[in-house]
Every structure is written in structure tokens, then in C-alpha cells.
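As written, the chains take the letters A, B, C and D, and residue 1 is the first residue of each chain.
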């Protein structure tokens, strides 16, 4: 029993790097990132698509990586929380705002918050507070009460607008 | 909570997918995966084969010919939400989609997947019910067009055989100007609706109701059209009396009970939300 | 979970009793159920397939007759089964009581059913499972009645088997 | 005194953040060791059953499976160590690491499946067949408390874990003499832990050194080490427990769990490192919770609303085992009567077994239950006497001049319960002013309500957390401590406290925590105690290092110690900044050189270790006002504004304190409006085992937050600090329910409250 292991070769771009691996087809994308690529910034908080901690960007869109199979990312471009900072390691505007506004405590939900808000702010450069709250309504946080996350997002939006 | 073992198939054409669906035993179709993937991770669903429809280009896309809208089954919910021409013809689609999960799940979730999964609280089947949409399903030898009213066969059980695939959904936008509203009661943003109500309303030149459609989700296993109320409204102004009639019809439905809400509560809220949806739709119809 | 159900069988009480107490026939009456083995110790082993929405379960287990009282026309069927893929267990007891009513026989069935494991741990499905159980017993009753009505005496045993099988299945489904 | 910006009191950015923001946090699941295998547990599907047989053959035969272990395979036959023994503990029943023959709740560990990865381990776990003989289960604490109830443990005489009395003053006399006596019953249910990171354990045994290392997502690495040592009969020196970055704790991660022990037992047998990461479904059935506490309360008072006595009887749902003594239920009595000067109290809590997940403290640790009782009692008095709710509180609050105030209760060490400091009426007035209490807002189509509550909390619990401060010859300042952190920013706090004394910037201080190898002794990060305990110790150690540096520098610079100061990483002469000795240089002198004696009068190393001895807790306090809007047609409640006035003494880092409070309020609102851990009352099956059904508050449901602070330093520790970790949650439940009651105009004596329940209550249901 169990000898039947369904595998596929996949090739994709992760944080700007081309990677290829042979993976079991049932491996979900989050585990591919964490286990195969050792990109452990993507966190698994519920593995049923509700908590949002595993959110990554696939072709620029925020998606739950626990609800996607690694094989489905074949040929795609994936960005994880590790890929948000500048190549020289300096924090992105959003990351910097999280730091300054105390937008994280235990940090477990943080990667999903960052990826979600990165995608959101691209589409909504000048969001209202209610829009920000709505945008992260699919990301659970047990520590912060969300207030400082919302403040950080609004602050980042402002700074990004000023940069343009 | 890791997915169980299965053999993965990712056909590139509908024909291939239909062949697989027609020949493989205990196979499951994978659309956007926002409901199926959790069920796999929880190991509630244990298929021997997974047929991934995501690489079949011919299954996605929105086609508009006059008032006729045809959306491929694999059209992402976000694509429906962002489609301007669709929003102009059927603004309720966008309004209802805002209540479907969260934007991250709508980036993957599909129209066909929502219909095939048929969660009792799902918003999209309710919207399709408002438009008397037809679901196109195929197997390798024939095509069926199923009226949305014939779609639910029980709890999370659509009118779909194991060898069939939902290929598209078609509906007609309402002619001329009309009002719309989609309102729901959920515990939190993005939660399963306890009750959701969609309403469409068009008025004649005397501002009397020419045509009405009201559909509820979350109360029964499938979407429920409130036909009696709709008929009762025709030719009337939307005054308190008309609202009372509609709400009373809503309170008559056979609503399910679960751990989160009793049937009585659902009926009561259905009455409230039907009234609210009609008022909003009416206000919009008046412009 | 307790589900109570009563129905009438278009046969006399003696004949009905014979049918009901024949477990192979009882079990085979249940939709989705299949009797696979009659063990020498009196256990009836079988399979019941149950579908709850997208979740398809296959319960493997055994049933036994208890408290058979030919005089009072009462008996119990106790069954225990587990999903082949570890998603749940079911334990049930169906208490049958037969009583003549004119030409017919009234059958009262009280089913006590416990579902445990992953499939039982889903609140949005809690109401559903009761409904499935209710529907099952309804179907069981209707089928039993129909079978008795339409089946010749020689075949009656088999049809009743099916009916009972359905009943068991209802138990399992709930 | 020191001519530079202060560190303590500054809103400095956290040291912890840059790594986490880049995805470089190091949580236990991020650890991968060579040769590591992964574990899944087979758990009981039954609430109560005997195990007749376990069939592991097909699971063991699955490709990729290393082994399937049962209790007998672990070579032990003992129950786990009791973490908190207590004389009132009548039935001290802990779990076996894996079930022996009886399972008492759904989720109890039965077998350990070890495989090459978690995917295969889960495949195999599903193949393990457990043959159960079901036993009657009892889930509802009211059912379980009945004399003829089924027994949660088949051999128990009854289901009573223990009875906790809390009595002082003459309550009977007060009730006899009182003008008014009011009676109410309250139903409270708080739900689960739900740190976003579930639990997780990696165990590794090095046969060469016979060293056992356990990485665990725990709040209590030192206690885990002690319990493992006791159970395994292995010296603590041969056990290292590491809590890496921990993704939230909130109480349940303070307990010691069967999974930790099972992996610690199995790793040496298997000879390879083992990893188990709890998934969310397991978290619902295997991580301790906090569920029902039901109270019948009587209050005796005068016409003016002055409360003379409170009498209460409570039932506490303890779950199936006692992993954590009686601490949770004790937390509900120790602070009685909270912020109020009530002369007589007579309370008894029956702690009762049920066939459900064991309960242990969650954020607030029993205090939210007690606070709810006290605050709802104040509202009850106001309602019955036609008085304003704030006015009733004013008439009963302990006044500033009564501090320190002895309640009449006694601490576990026999000393009287004594509140150290605080201006309780002042804090109440602060929140009333800030919220505009008295002018009730209105909104068309909505029922608007305003609620309030006061609280105090025993923080900084005994006995100690130590700290070591060391300056290395490189000049690097390193603090180590036995305290841990689960997101509170403890590293930042300790760095600020030490930086303050050593004249460096907080970001120049490295802090190492949560590893039994870096500091010898430790307790647990629970009970809002770390800034008080470890903070005070770090302060004392830093002062000692500072004095040592000054004494040594005085010799080197040939001047008097009083003329020296620490700044910019050096000791220097005040007013002559270039006359200086770098701290690294001083450290090198004290680091020693072979055959050269240390400077006379100096112990080796520019370092010091301190253990601030805590004899009694210090009491934080606060007052909250909640404003809610209710849709009268659907019953949906929205908390729209939330006002906090808070006093936790000296604010080491105001930003972090605010973060704790807002997070705590979120937890409280979530408890009132959303979270309910449901079990089927007949079968004991948990019904809410996913996040679609068990709801946690999300961003749109949070109110606008309005925070204000008063700073009354505690006289009982050198920094004047009090704990802040739970002060957001404790008063929140009562404040929100009070507001809902105000909006509906009917009595509300329970939570959580669904929209349907709100409508039922509005329609007069009880």
C-alpha cells in the first residue's frame, strides 16, 4: 500500500528565482515553499483557507497557498513574504510601516497580512480605513486587535502615494 | 491536514477532461479549489483521481451578446467582479460577489465551482436563480441545459452526474433600467450567510412594479425563488403593504436549522432582508 | 440521536414478524447496504454506502439481533460500523415493535444512533444528519410497505430484506 | 542624572520585527534536522470509551512509515506529572502520554505514527483501527455535577475535581441585616486558545552525549524541562528545552502536553529526530480550552448601593483531565472582590470533570469570569435600585487612600491578598470623561447601548524570573533570561530596561530567551508577569553591572565614582566626554587572563545575575466603556467604540502596552460575540472544529479604540511596573455585555451572544 506516488516535474519563478523540482502532486503550494524551497516565511495557520497566514502572490494575485497544489503553480510566478523586501534587503514601504506602527506581535499572521496588503495597495492606492479592514477580513490575527495593522496599511498607502 | 493521495490529471481541453470524467472511477473535478481543497485537507473527500480544470482555457471567459451573458464555468469570481460590461448589465453580480469569501479566495474561486459545490449559503447560485439562468453541463456524448430551479438535488448535491462537467452558465440581463440589491446577514465579513437575499425590480412609467425577482440563499439546500411574492408585487407600488406581503412570503419558506441558526430565526431574518433588499432595489430603480 | 418512526406493512403480524426477524433480508433491504458475511456467532457483517453531499462514506461493520421476543413481537438490531477511510464510526440500535392492526401490521421503529469521528464534527451538517436520518426511516418505511405490497410470497423475503437493509442504512446515514 | 534620551518609557521600535517582516521568523515548524521524521497522532474519536484493541498492521505496512507506537511501545505506564499540585485537588487525574485503556475525550492521544513526512503519517494514521467499547459520556457541566451522572473516568467515585472556597468577613450576618438582596444566575463560556501558530514539538536525542533536546512552541520551557526530568528520570542537565519564536500563546501553551512527552519518549527509541506540528483541527480537540463557568450569585446591599456582601456558587467545566492543577478556577476567586471594598465574600466553585478537552487558563485565566460576576453584580444593583451604573461603582470602589488594601483573602503562601497601589476611582472618572458617559448616543434604526466595567488584576506573579546581563569584551551587551516571549516584545522591553542603565541604545542590547541552555532557571510566561519579574531582574542585574563598571572605571580613570556616568557604550567623566573607558575594555579586564589575578574586589566578568524576588503580586487596574449598536430586526451587534483607561504603573514602552490592550480587547469582544466551542451534549463530539464554524473576530468587527493611561508606579518593584498582558481582556466581557443589556433594555446574564440569542433576549426569553 501507498507505493503509488503520483509525481510531476514543475518549474516556476519564486521571488524572482527560477526553480524546478519533482513534487508529489498532492503537495500543496505552501508546503512546497516551506519544505522544498525552505522558504519558511509562509505560515500555515489553518490549512483550510480561512486564516490567511499562508497568503502568497501568484502572478501578482493574493491567493491561499494551502488551497493550491504545487503542480498548479507550474509555470507561474510566485512571490512570498521573503520576496517583498528590496534586493538589497531594505524593507518595503509596507514592511517599514508595520515596524513603525507596531503592526505585529507574535508575527505568525504577518506574512499573510503583508502579501495580502501588498496586492491590495496596488489596486487601491488611496484606500479608506473601511476598505483596509475589508481587505484583511480574510486574515486572522489573535494578537494585535488589527488596529495597528490597519494603521500601518494606511500609513504605507500614504507614503507610497507620496513616492509616486 | 494534508491532502490525501490521488492521481492528478490536468487536461488541456474539455474533450480530454470529459473523457477522463467519463472513464475514471471515484474522480473529483478541481475548479478554483476554495471549497474542495479544504475538504481534501480535512480528508472528508478522498478521491482516487483529481481532474484539474484550471488549464482548460476554453472553460473561462465572459461573452456578452446583447443581453445574453454566457460565462465559462472556470471564470474566476474576481473576473466576474471586475468585468465592467457585466457590471453595467447586471450590477447585482458585483454586489453579491463582494459577499463571497474574501478577495484572496475570489482570485481562485470560480462560477462553475460555486454552482457545483452548491453550499447552501453560496451567493452565486442565488444570483443565477434571480436571472433564471441555465447551467450547461456536458459529458462526452451529450450536453444538457439545466434551469437553475432544477439544479439543486439536495444538500450540496447538484444536478450533475459523475461523468459530467459544468461548462458554462448563461442568463439574460434585464431589459432597460432596473434596480437591484444583494443583502445578507452573516456573523462576520465574508462568513457563510445565515440568510442572503437578492432582489431585482423594474418599474413601469407610473413607478409601479413591472417585474420583480427575489431569491434567498442560506435558508434551504439550494437557492429559493420567492415566486409568489414576485407575482404579488407586479402592478403595485412598493409601499409598506407590498413589503409586508413580500416579507410574509419570505417567512413562509421552509428554512433549515443548524448549529448556528434555527429555522425560525432564518425565516424571521428572511422577512427582514427581503424587505430591505426590495427597498434598496426600489430606490435604485427609481434612480 | 433518536429517530422514531411508525409504518404499516400490508401483511399479517406473523408474516411480518418472520420477515423482520430475518436479518439477511432485513439488511439487504437497506439502500446502499450489502450483506457480506453471516458469521457463525450470529453476527451479520456488511457494508453501507452513505453520501452526505460531497462526502461519500463506506461503513464496514456488523449487526446483531438482541432481545428477540416472539411473544411481544419486539426485537432490537444493534449495529456498529466504521468508515473504511477512518472518517467516522456509527453505533446504532433499532428497536422494532410489531402489532396487528386489522389486516395489516403496524411497525414502530425507534432508532438510537451515535455518529462519531470527523464526519460528526461539523456543525453546519448537524441538522442535515438528523434530516438524513429522518428521510432514511421514511424511505425505509415506504419501501418496506411497497415491497410487501408488490411482492409475491416467495419473493417477499427478499424484498423485506431490502427494506430492512434500507432501514439499517438509514441508521448508518444518520 | 543621565544626559541622554531615556530608554524606559520610550516608544522604541521592536528588536523582534525586522527578521519577522522579512519572513525570517524562526518558529518550531521552520526547524528541519537531518534525518528527521514526522509524526501524526491517532486520536480518540469517542468522548468516552474503553479501547478493546488497536490494529496497527496496515498502517505499519504502508510505504514510508517508520513505526506506529502505542503506550506499551514507549515503555511507560504512568500518568503525566501534575504541573500545579494543590491541596484542594481531590481527584488529580492526568493523562497518559498515549491512552492506556480508557479514553475520556475526543482528541485524546492514542498512537504515534512516525513516517518520512506528515503526508504519509496522516495516510497511516487513518489506517490505524481502534476498536472501542463506548462508555457513557457527559459533556455539560450541569449534567456532570449531578450525583447520578455518568462518570467521566470510569473508576471515579464522582466527577468532582475539587471544591474551591473563598470566604472572608461575615457574609451570613451581612445578608441577614441587609436592606436589599438580589439574586442572579450567569452563564459564561470562553472558547479556545487559537494562537495563530498551533502547537508543535521537535525532539532530538543525541546518543553520543545522551542529550535530549526538545523544541516546543511553549510558554514554559523550564517547566517542561522539569516535568520531563521528573517523568523520564533524566537529569535536567541532560535535557534542553527551547522555545523558539512562538506564534502566540495566550495561556494554553503554558501547559505540558502528552505530545511533548510522547515525542521525548519516542525520539531516543527511534534514534532520529521527530517533528510533530499540531494542525488546526487538532488544535480544536487537543489544545486546552476555557469553556463553561456557571454562577448563582447573591448580593446584599444598602439603599445607596453600597455592597455589603457577595455570595456565589459556581460550576466550572474542567474537561477530562487535570494537566494544570486548579489554576484556572482559582483565578476566578483570588481577586474577589476586585476593585471594590466589599467586606464579606462567600464563594465556592465546584470544579467538575466533563468528557471534553481539558481546560487551563486563557488570557485572563479565570479572572474574566470573576470580573464578569462582579461587574454584572454592580449593574444588577444599579438596575434594581434605580441608580446610575457608574455611581454604584463610585460608591463601592476602593479609594486611593485605602491603598495598600487588604481584601480579606489569602494568597497561596498564607499572606493576605493586598492591592499595592492605584487610583481606582480616578481611572473610572478618566474613562467616563473620555467616553462622554452620560450622553447616550443614538442612531436611527439601531438600538444603542453603553456599558462599563472596572477591573484589577494580580500581575507579576511569584516567584521569579531571573536575568543575566553581560558585557562582552567586544562591547556587546547581552541579556539572557528564563522568561519567554510569544509576541509581547519581551526582548525589546528587556533591552530598554538594560539600555537605560548601561548607557547604550536599546538596539545595541541583544536579548536571548526561551532556551534552557542560555539561562539556568526559569518559570513560565503567563499571568502578565514577565515585565514585572524578568524586567525587575534585568534592571537589578543591569544596575549591578553598571556599578561594577563604574567602580572599575573609577580606578582606571583615577576619579571618584560619583563623577562618572555611562553613555555611548562607555564609562566617562561627567562633563569630560573624552575621558572614557569603553565597556568592552572593562569587560576584557574582568574576563581574566591566565596567571593574572582579577582586579581586587571584583568578581569575574562584567556581568551580573539577579532574581527579583516576588512575594506578592502587583495589581494593574483599569476601567472600560463599550458602545454597541444593535440591529433590532436581526439581532446583529456591532461594537462601535471602545474606551480604555488603564494603569499598569510605569510604562516601559507605551506602544507595546497599547498593543497588548487592543489585542486583549479583541479577544474579549470575540469571546462575547463570536467564539463558542460547541460539543454535542449526547455524544460528546466537538461540533466546531474549523474556522468556518468557530469564529474569531476579524478586522471589520473591531471598534474604534480610545486608550488612555494613568501611571501609578508599584511600590513593590524597582521599576514600578505592573503587568499589562491581560488587562484588555478581563474587563471587556462585562463591558460589552453591559452595553448590550443597556441597548436592549432587558437583562443579559450570559455570553457568547449570537444574533439569534440577542433577539430571543429582546423578546423576553430567559
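Methods note: contacts are C-beta pairs under 8 Å (C-beta built on N, C-alpha and C of every residue); 3 or more make two chains touch, one makes a residue touch a chain.
Fair warning: this is a prediction, and the values are worked out from it, not measured in the lab.
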Looking at every pair of chains, which has the largest contact count? A-D
Measuring between Cα centroids, what's the chain most distant from chain D? C
From the mean C-alpha coordinate of chain B to that of chain D, what's the distance rounded to whole Å? 44
Can you give the whole-Å distance between the Cα centres of chain A and chain B? 29
Chain centre separation in whole Å, for chain C relative to chain A (CA means): 51
Note: chain D residues in touch with at least two other chains are 119, 123, 126-127, 279-280, 678, 687-688, 690, 692-693, 698, 700
Would you give the residues of chain B that are in contact with at least 2 other chains, written as numbers and ranges? 1-5, 38, 42-43, 188-190, 192, 259-260
In chain C, which residues are in touch with two or more of the other chains? 85-87, 118, 123-124, 126
Between which chains does touch occur? A-B, A-D, B-C, B-D, C-D
Could you list, by residue number, the parts of chain C that touch chain D in their complex? 1, 82, 85-89, 91, 114-118, 120-124, 126
Any idea which chain D residues touch chain C in the complex? 45-47, 106, 125-129, 132, 134, 285, 678, 680, 682-683, 685-690, 692-693
Chain B-facing residues of chain C, complex: 51-56, 85-87, 118-119, 123-128, 131
Under the definition above, what is the set of chain D residues touching chain A in their complex? 13-14, 16-18, 20-27, 29-30, 32, 58, 61-65, 117, 119-120, 123-124, 127, 194-198, 245-250, 279-280, 486-489, 655-656, 658-659, 662-667, 690-692, 696, 698-700, 702, 705, 728
Per the touch rule above, chain A residues touching chain B in the complex are 2, 4-6, 8, 25-28, 31, 47-49, 52, 55, 61-64, 66-69, 71-72, 116, 120, 133-135, 137-138
